[in-house]
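Structures are listed in the sections that come next.
In the two complexes that follow, subunit A is the common piece, with subunit B as its partner first and subunit C second.
The block that comes next holds the complex of A and B.
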């Protein structure tokens, strides 16, 4: 096995070898195009477009009309009442996705035998906006005594990690990356490093609920936001018609687990988090993100011990802003060389929008499914591209991807790259 | 082999004065910086006291544009980072920018600004369908939490991993911990690490009013924060920022940098019990402390000082007293343990970093800062809390602990140079 980037060798308190690989053993998804991982993958594989006019209360007067909205989500059916009342919609998504990921990993929902062996890490980019707005309205409309006791725990970025830890009885390392989009990849890498340091498993991911009225007002200042009202034209990265990105809600949680722990309990290793790197090149400095993203890709490949030619599919950031798209195409070419124009590239998020920190975690989920189902999902709504990329458009393409590169950039200037590999290839 | 991590620079903006000199003067004198709230009219609130910073960004050399437009917590972080970077003596242009990282924490981030602008767009809390035409087009900078680390990274030319950490009251320790891992694992040579918060706003004060976590000693604000004292009745809100420059030990040596101390270990665990509540056993905090000692291969009897979370709530003080006894055993009774929150209040996410800087200064001066206002012992809190007066002591290995939101419990260990056994 590759040992690069997995520096510390030793034995932790449970006799587990430090430096063992971080396996993905469970996936939970709450997304605009699916309320389970398998239904999400079905929609992604079919290139289903669910971008639509926003229906959330109090939003119809705003100049942002189209988004990827999670509809039909039954929070009360998925989350116990006592947790429900003290949490915002973004935590509902994260808690529901976490439970689905645990089920998928076969870990179950009972109290864990070794509570310190399971940690929780989430990435958050928008916090509990809807809950916060409601309490702000009580404070300023009625007075301080009308602010409820749960505002202190629902509004802030750390809410989802804390509630998932409490609900599941997980006492392992807990973390919160409060970030722009790329934080989703940073969180997964953070979890993988915790596993390499000796934690048995980490529930990790990101879920967002940025479609409350005041949260939307805050986002209107993003120059990259698409305000096109036709859902089929609003988010078309890599084309001449690129006019910005469409926001979305939802996200995904993964179980990232020590491969030996997974094997010991007979759980299938679906993929391995093999490498990651992150750089920073300045908010909205898309020209500079070319160099930053290329540097991140090189770092992730280096940590994974992976040559550029071994990358079988790239899940693009696909910002949808002409100069950002140009920078991303350039970064892929710079970091992967001639392979950059041959490797299939896809951006399934054009069908659902960008769920901020949740977006790249959804891409990791799609990458795992793509490797399992031997199918590269398409980039919906995108037809004529103006960059030298082999972008998978119109329909899914049969292939045998074994190594996937997931890219993400944030509106505040972060660039991140993460490599996931199929287990059977990387177990050497 | 993992790399050793050195502290080569420190900077702080705290109640009672800006800069490490003013900060240390306050801590070593045992004076308090808590007072009646002046940043807004607190009428109608239960707790109307706080530890505020008398902060003049222009006087501290902050760029006029930032002084005018950046959120208060960002301004704090910029001034603290500037002091830390100057103190460490690294020239930003002389470093490989891809090898310079940023890791900054904040519990509530831009929420003070978000509240301010909310009032405008909602006609004073009268409408759910807020009016975007009344909003500042720069409001997304308050909405997006990574604005903190991004702004500091831009200023100091950092192009390596740049992250913002938000784990509530442990954000500051955790941001330093993430930075420690970043250097230890070789992902950067230098990391600008710390935390900032400016939570003294109506909504945040009302939040903590609602759960009665804050002190209502409104008539005697100077003596309101009384950690470990039997008469304590909650924490006093604070604000501020602290930044450290963490650096690969060999990198620091090669450029001849002054090394204050090393980071010997860091750990965090969850109590999986309650978002704001604690058990009286202290099991998870003890586990975090034990882990840092294991990482440094240090015997608990070699701990010279514990900088307590010491928020001044009854459950916290008992919880952490139990935790420290669990980890240090009988040595806990011989180990001074104080809370600087008695003097500078509890600045939520920022305080963890402010306390780490206080520990660095304590090691530098070989002086333990006191717990101000401590007079009446609580029978359930029977350790040496260093009442009211600073104390000279040989300080080599120092722990700082944090506890709070989400049930998160974190610990960081500072060791004298070469103290980390490898």
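The block that comes next holds the complex of A and C.
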């Protein structure tokens, strides 16, 4: 994204002014600590820890023991059977979160009046591993004639975008961002750009389902993965005891909408997507991510027209690997200057784990709630930090954040930063 | 009556298991010229049903079986093929 894109003026076919701001008007969450956005926020605000021993079938013999599982998710009660049979759990989460986001935005679930005015963008880190495993087992166990045709769509990165679009009848610009965990932020930026170019609204976000045997085996090769068996010690970024990260299921979907469209239909503007930038510094090159992440922060601030001092809270990436944590603390200091050691920093994901591409979108959701509720949520399980950061620990801190910076990095080397702002005239 | 004929009950069951679409077998039989698309079946769903039948009967069905538009057309083609092969 560039500032040029934001300032270009013109009128599109619907009479809307191009370059209008991208507002967040709906939030849908399916997370280990809540199956709705409001319950997720309640858990986050209280610093609830839901990391636990993995209980999903066929996983108990693997050395990855602790994760954030989405439990009590009633896929059959939320999604029509004809969509269920052709989709993986990661798409079930995304479809359910998308429906919740639409409800929250006050956009009906019926056929849209202007189908080409609504698009869908998701970020995906691995696709549908559980579905894929089941079909591959048929391939090797029974033969190619026993592999179901839905394998051809269910396990791909783009599956959730396609299914949300088909289910809702949304025919606007659609896409999938496969740019590592930070892609969750890149997807929101992509959606905001579509809105600035004239699309009315975009359903955007990410949800993942990495807790199935095949998917877990794929993750075992990550040096950054925590294999600690005690849930209270498995994921403690920014501490001397940092031992890697814990994965999680779930994610969030947002409705990012043209602010004028939102106001015209009387929908509250919860926040505005103000700026974003992304960089790449190589897989597991955490020392280099310092410069990359700092550059992403500078780019996001520049696009948002925001001075470092205006950042009221930072939602950290919090990888939980000493070298990566050091790089992140350094990036915050490099990009925000002296303000970097004063601004409150938080990482609610230590209570639920990292849901790959879903993780930064969950952080955006938490940032919006934090601004609305004037409360910075804590970083559970983290007590003594060894970096020069004002990390919010133990309990939530009352504050009046108006501008939040959300950071994300991926294991493959992507770094991204996104600025969300609460506006003075945000109706709430 | 040949023993290898696929019935509307079996077809309804295949549609349910293969494509997640619930359809009453009697309704399927009564409205047997209603296009599959209207019932909510897509082309991949049809392909899955054809594959399931081929595995079940241990035989190949004609190349364009999944392109049959209606239950009537589909069962006519499937059953005439099974009969010819029996």
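Criterion: the second predicted complex is superposed on the first by the 418 of 428 C-alpha atoms of A that agree within 3 Å, B and C clash if a C-alpha of one lies under 4 Å from a C-alpha of the other, contacts with A are read in each partner's own complex, and residues count from 1 in each chain.
By definition in this document, a contact is a pair of C-beta atoms (placed from the backbone, for glycine too) under 8 Å apart; a residue touches a chain by one contact, two chains touch by 3 or more.
Treat the numbers as computed from the prediction; the structure is a model and nothing was measured.
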item	value
Which of subunit B and subunit C A:152 touches, first, second, both or neither	both
Partner with the higher number of touched subunit A residues, subunit C or subunit B	B
Touching partner for A:337 - first (subunit B), second (subunit C), both, neither	neither
Partner chain(s) touched by A:61 [first = subunit B, second = subunit C, both, neither]	first
Which superposed partner A:86 touches (first subunit B, second subunit C, both, neither)	both
First, second, both or neither for A:180, with subunit B first and subunit C second	first
First (subunit B), second (subunit C), both or neither touched by A:108	neither
Which superposed partner A:172 touches (first subunit B, second subunit C, both, neither)	first
Subunit B/subunit C common contact set on subunit A	86, 145, 148-149, 152-153
Subunit A-facing residues of subunit C, complex	18-22, 40, 44-45, 47-48, 51, 54-55
Subunit A-touching residues of subunit B, taken from the complex the two chains share	1-2, 44-46, 98, 102, 106-109, 111, 114-115, 118-119, 121-122, 124-126, 128-130, 132, 135-147, 150, 153-154, 158-168, 171, 174, 178, 181, 185-187, 202-203, 205-211, 213, 267-276, 284, 287, 405-408
Residues of subunit A touching subunit C in the complex	80-86, 145-146, 148-150, 152-153
Subunit B-facing residues of subunit A, complex	5, 7-8, 57-63, 86, 115-116, 119-120, 124-127, 132-133, 135-145, 147-149, 151-153, 155-159, 161-163, 165-166, 168-180, 183, 186, 190, 193, 213-222, 277-283, 292, 295, 410-414
